[in-house]
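Note that the chains are named A, B, C and D in the order they appear, and that numbering of residues resets to 1 at the start of each chain.
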Amino acid sequence: MADLRHLRQDFPILDRTVNGKRLVYLDSAATTQKPRSVIEAIDHYYRTSNANVHRGAYTLSVEATEAYENARAKVADFIGATDSDELVFTRGTTTGINFVAYGWGLNHLTEGDRIVLTGMEHHSNIVPWQLVARHTGAELAYLPINEDYEVSLDDLDTVVNSRTKIVALSGMSNVTGAFGPVAAVSAAARSVGAITVVDAAQAVPHAPLDVALLGVDFLAFSGHKMLGPTGTGGLWGRRDRLEEMEPTEGGGEMISDVGLYESTWAPIPHKFEAGTPNIAGAVGLGAAVDYLSKVGMSEVRSHERALTKYGIEQLSAVPHLTIHGPADLDNRGGVISFQLADVHPHDIATILDQEGVAVRAGHHCAKPLMRSLGVPATARASFYLYNTPEDVDALVAALHHALELFGVS
Amino acid sequence: MSLEELYREVILDHYRNPRRRDALAAPTAHAEGHNPLCGDEITIDVAVSDGTLTEIAVSGQGCSISQASASMMAEAVTGKTLEEVDTLTGQFKSMMGIGDGADPIDPERPGATLGDLEALQGVKKFPVRIKCADLGWTTLEEALSSD
Amino acid sequence: MADLRHLRQDFPILDRTVNGKRLVYLDSAATTQKPRSVIEAIDHYYRTSNANVHRGAYTLSVEATEAYENARAKVADFIGATDSDELVFTRGTTTGINFVAYGWGLNHLTEGDRIVLTGMEHHSNIVPWQLVARHTGAELAYLPINEDYEVSLDDLDTVVNSRTKIVALSGMSNVTGAFGPVAAVSAAARSVGAITVVDAAQAVPHAPLDVALLGVDFLAFSGHKMLGPTGTGGLWGRRDRLEEMEPTEGGGEMISDVGLYESTWAPIPHKFEAGTPNIAGAVGLGAAVDYLSKVGMSEVRSHERALTKYGIEQLSAVPHLTIHGPADLDNRGGVISFQLADVHPHDIATILDQEGVAVRAGHHCAKPLMRSLGVPATARASFYLYNTPEDVDALVAALHHALELFGVS
Amino acid sequence: MSLEELYREVILDHYRNPRRRDALAAPTAHAEGHNPLCGDEITIDVAVSDGTLTEIAVSGQGCSISQASASMMAEAVTGKTLEEVDTLTGQFKSMMGIGDGADPIDPERPGATLGDLEALQGVKKFPVRIKCADLGWTTLEEALSSD
């Protein structure tokens, strides 16, 4: 396992205790902890350069604009975008997907057109399409998951049919950890002239990714899931797609001219950034990307792969424990959902919390997937670069305690 | 805050063997409750006649606390007058530290008024789980007010 | 003048120099500086309690949820809302107004309906309505400004006619400082069954405000203009209006149930908060509101009123200087826009910057208003609680230097 | 960074008395430039015949730098071949520290190649204003490429 243990000291929160125990944070799929460099970048911004960006002819505003646009360049570079105009700052993955749904979907879909999703999507990649389908008369169709928890490609050619205009899928499930078949699906989409939208909330933070090679049209991700501040994220889009997309928020900064009755838009990416942006957030996200780049995304991936291997092994040895997720480590990331006997996931979370172990319990904003799994909720442990095998051990020990409390043996 | 205090045997028993699950032949009211924070669900049918809750059927899914609380509640309210149910609901909420406090209980001896339901008092020390314990009761209130 | 000089030490950035001079920050209408308590609240959140909110059964997540929801209660209370469910966290004023335009406007407007705006609106309160008008076939109508830079009510009863469904106006212009006639306009709106939407970006930060007394339906404001973090804001709406409003972003947290083809929504305010919110931002905004409450909003207002009086007096004594804004101090806030001879506003900003004085130059995202004023751009000085008469003096001295450089006497 | 270096007399003169404002009788190309960051605007008409920029008309509004730069540019390019205009544009951008550097100038003696335009070299020390100085040139490039 790539030993990244020395990184833990960069994360102040990992020093705290919970219920008298060392904090064992296993909920990075929900949001990640922040290294000192990110916290300090925000702090430094407010103490030295805070001003509104653009249209400012004074030093502070120039500094703030540079900090903001430099962050854009860094984040664009991090995902392999050669043109930083293709990177729109958003509040998170959810906002990014909604922008595409409303901004591109609304004016490209008509009655009877098809939007294809998969059976493992997060609500963020379902609800916006339902809303847009309702507005346009388009229909939704799903690529289901198979018994290996992977998106089934059996009916790819019939599901992605000639009426299909948009295919939207996750790069990695936040429930099962399964990678989405982005390459196969986007090829099918291209062959019928449809665009591909990737929900990369779990993909961008955990492995090297290069949008220039992916062959997709849009890709949305969240800054707060990759060491960055809350309220940040990015939407990458191919230049021509962004240019044919309508803005979904109107206001300052996104305009070229405003008349009483008509307005014209600024060039991309500003067209999609109405109003004062989350400047300190972007600066913090830039620092997060610096941190990740220094560690190296291949290191992050191999660390998590090894930790997932260890986690699956150890959890599989816990009696009455079932894991919902692919066995193939090359086809999954560091998210492990499980059931433990008849102990409800919320009870698991409460019991683990007493031992300082933080896991998430619930439907993980993926109710349709939960229905396929046949469970209303799971408990979920998810890893990041700061986790260690000892964290897995603490989890396993606490699960044994849960079995005891529930009198299961 | 001890987990042993939370997961009392009587709670696990109600969780695993929930009472009053059978559908009613002639319900007079119905409500569905949902805890958006955790996804727990409770569905309630009641039959009320002459101001008395004569029968109740509970179904749902969720954590041991929400399901056990609803099950114990179902036992406790059956055969009571609506006024008594109302008082009991108030007393339960008092024990949880929520509600309007109009129906206080003796904090030293909750069992004196609440019987088995006393087992749920450990929940109070786990604030996130209070909504779970309360879900059945809130759903019952809704069913009775929709009547 | 309410002497708030002692507050300056709470703002670390005010210690910095710009081009070797003391920073004289006169651009608070664009964004405000942050007191130490706000910067530290964000820092503290990330160091101790960072986790995703809601659906978390573990300690950290409960703490984060409490911090987030406590911030909501504080902000709601700050604007006089008795029910904190009526306060939706947004990214800023722009997002708030867009939510109302798309969420309420789209499903309440039909062809021929009217949306009434005023001649002094910010692009944020124009462009969303233009977009929604285009989608619905509604028309826009304007209450113009008069020679005192105030919204003219002469034709109120004919402009706000029976087809009017929405009236949207600013509580205070970010260009002229003029207060908007919210009471008169909302009364007219009510009398024809229209709703009133207030752009309170410049109103909430600078004076006491009580939504319970205002008699309006929606009110949007920005956290970053009231000492809070960038990327924060609030949309207040009357409960019944929020309930009849559609969500404009779909995703996690805002749902009650999600099926493959249909979904149902969570109750307000969560219905409008799709995805992971800007949690640290909300916490910082809560700290900002604590700070302002401690100072007292009446104090803030009287300090700024006195400073504006002094500013207008001093600026009026500069040769060749014209102020665009009302003379009546009771009808205006601390924003002073001006022209100086034939020195272009950008040149003014550049020259002032050399003296450490930060003012904004441009159209201030209010192009229609600039056209009424007959100028393409103005220079603008705007005040907040940390400004002093010495700041005005530094501004005036630098303006004299500008006249010299341009050879105007 | 001295303001006196930025606001040279020749710049203020071009700002106040911009050259080549008269509309062209028969323009062969046209472009409108806009600096979204500050709102400055430049509109250009040109007449090109036999590879030579025979006439130009400039209008617009904005800061002294953008307007003076466009005015000086108009003077400088009139009567030049398109190739010469292209080289001059490259040299101007080199002086501003932008562009591809294909047309270098002697940094010690910019006036040797740029003449009056040399007065704009102070702009380089005010990074926000570089876009202002460049606006006219970019607009001219657009007009010529739309040809």
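In the analysis below, a residue touches a chain if its C-beta (ideal position, glycine included) is under 8 Å from a C-beta of that chain, and two chains touch if they have at least 3 such contacts.
These figures come from a predicted structure and were not determined experimentally.
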{"item": "Chain separated most widely from chain B, comparing mean CA positions", "value": "D"}
{"item": "Contact-richer chain pair [C-D vs B-C]", "value": "C-D"}
{"item": "Length of the line joining the C-alpha centres of chain C and chain D, rounded to whole Å", "value": "38"}
{"item": "Approximate Å spacing (C-alpha centroids) for the pair chain B, chain D", "value": "79"}
{"item": "Chain A and chain C: spacing of chain centres that average the CA atoms, whole Å", "value": "31"}
{"item": "Centre-to-centre distance between chain C and chain B (centres being mean Cα positions), rounded to whole Å", "value": "46"}
{"item": "Junction residues of chain A, two or more chains touched", "value": "19, 55-57, 346, 350, 361-362"}
{"item": "Residue list for chain D, restricted to those that touch at least two other chains", "value": "38-39, 128-129"}
{"item": "Chain contact topology (line, ring, star, complete or other)", "value": "other"}
{"item": "Full enumeration of touching chain pairs", "value": "A-B, A-C, A-D, B-C, C-D"}
{"item": "Contacting residues of chain B [partner chain A, same complex]", "value": "1, 3-4, 6-7, 12, 15-16, 38-41, 61-65, 67, 126, 128-129, 132"}
{"item": "Contact footprint of chain B on chain C as seen in their complex", "value": "54-57, 62, 256-257, 266-267, 270"}
{"item": "Chain C partner contacts - residues on chain A that touch it in the complex", "value": "12-13, 16, 18-19, 23, 25, 27, 30-31, 33-34, 38-39, 42-43, 46-52, 55-61, 91-95, 97-98, 101-102, 122-124, 126-128, 130-131, 140, 142, 222, 224, 229-232, 248-255, 257-263, 274-281, 346, 349-350, 352-353, 357-362, 365, 367-368"}
{"item": "In the complex, chain B residues that touch chain C", "value": "34, 36-39, 127-129"}
{"item": "Residues of chain A defined as touching chain B within the complex", "value": "19, 342-347, 350-351, 354, 361-363, 376-377, 401, 405-407"}
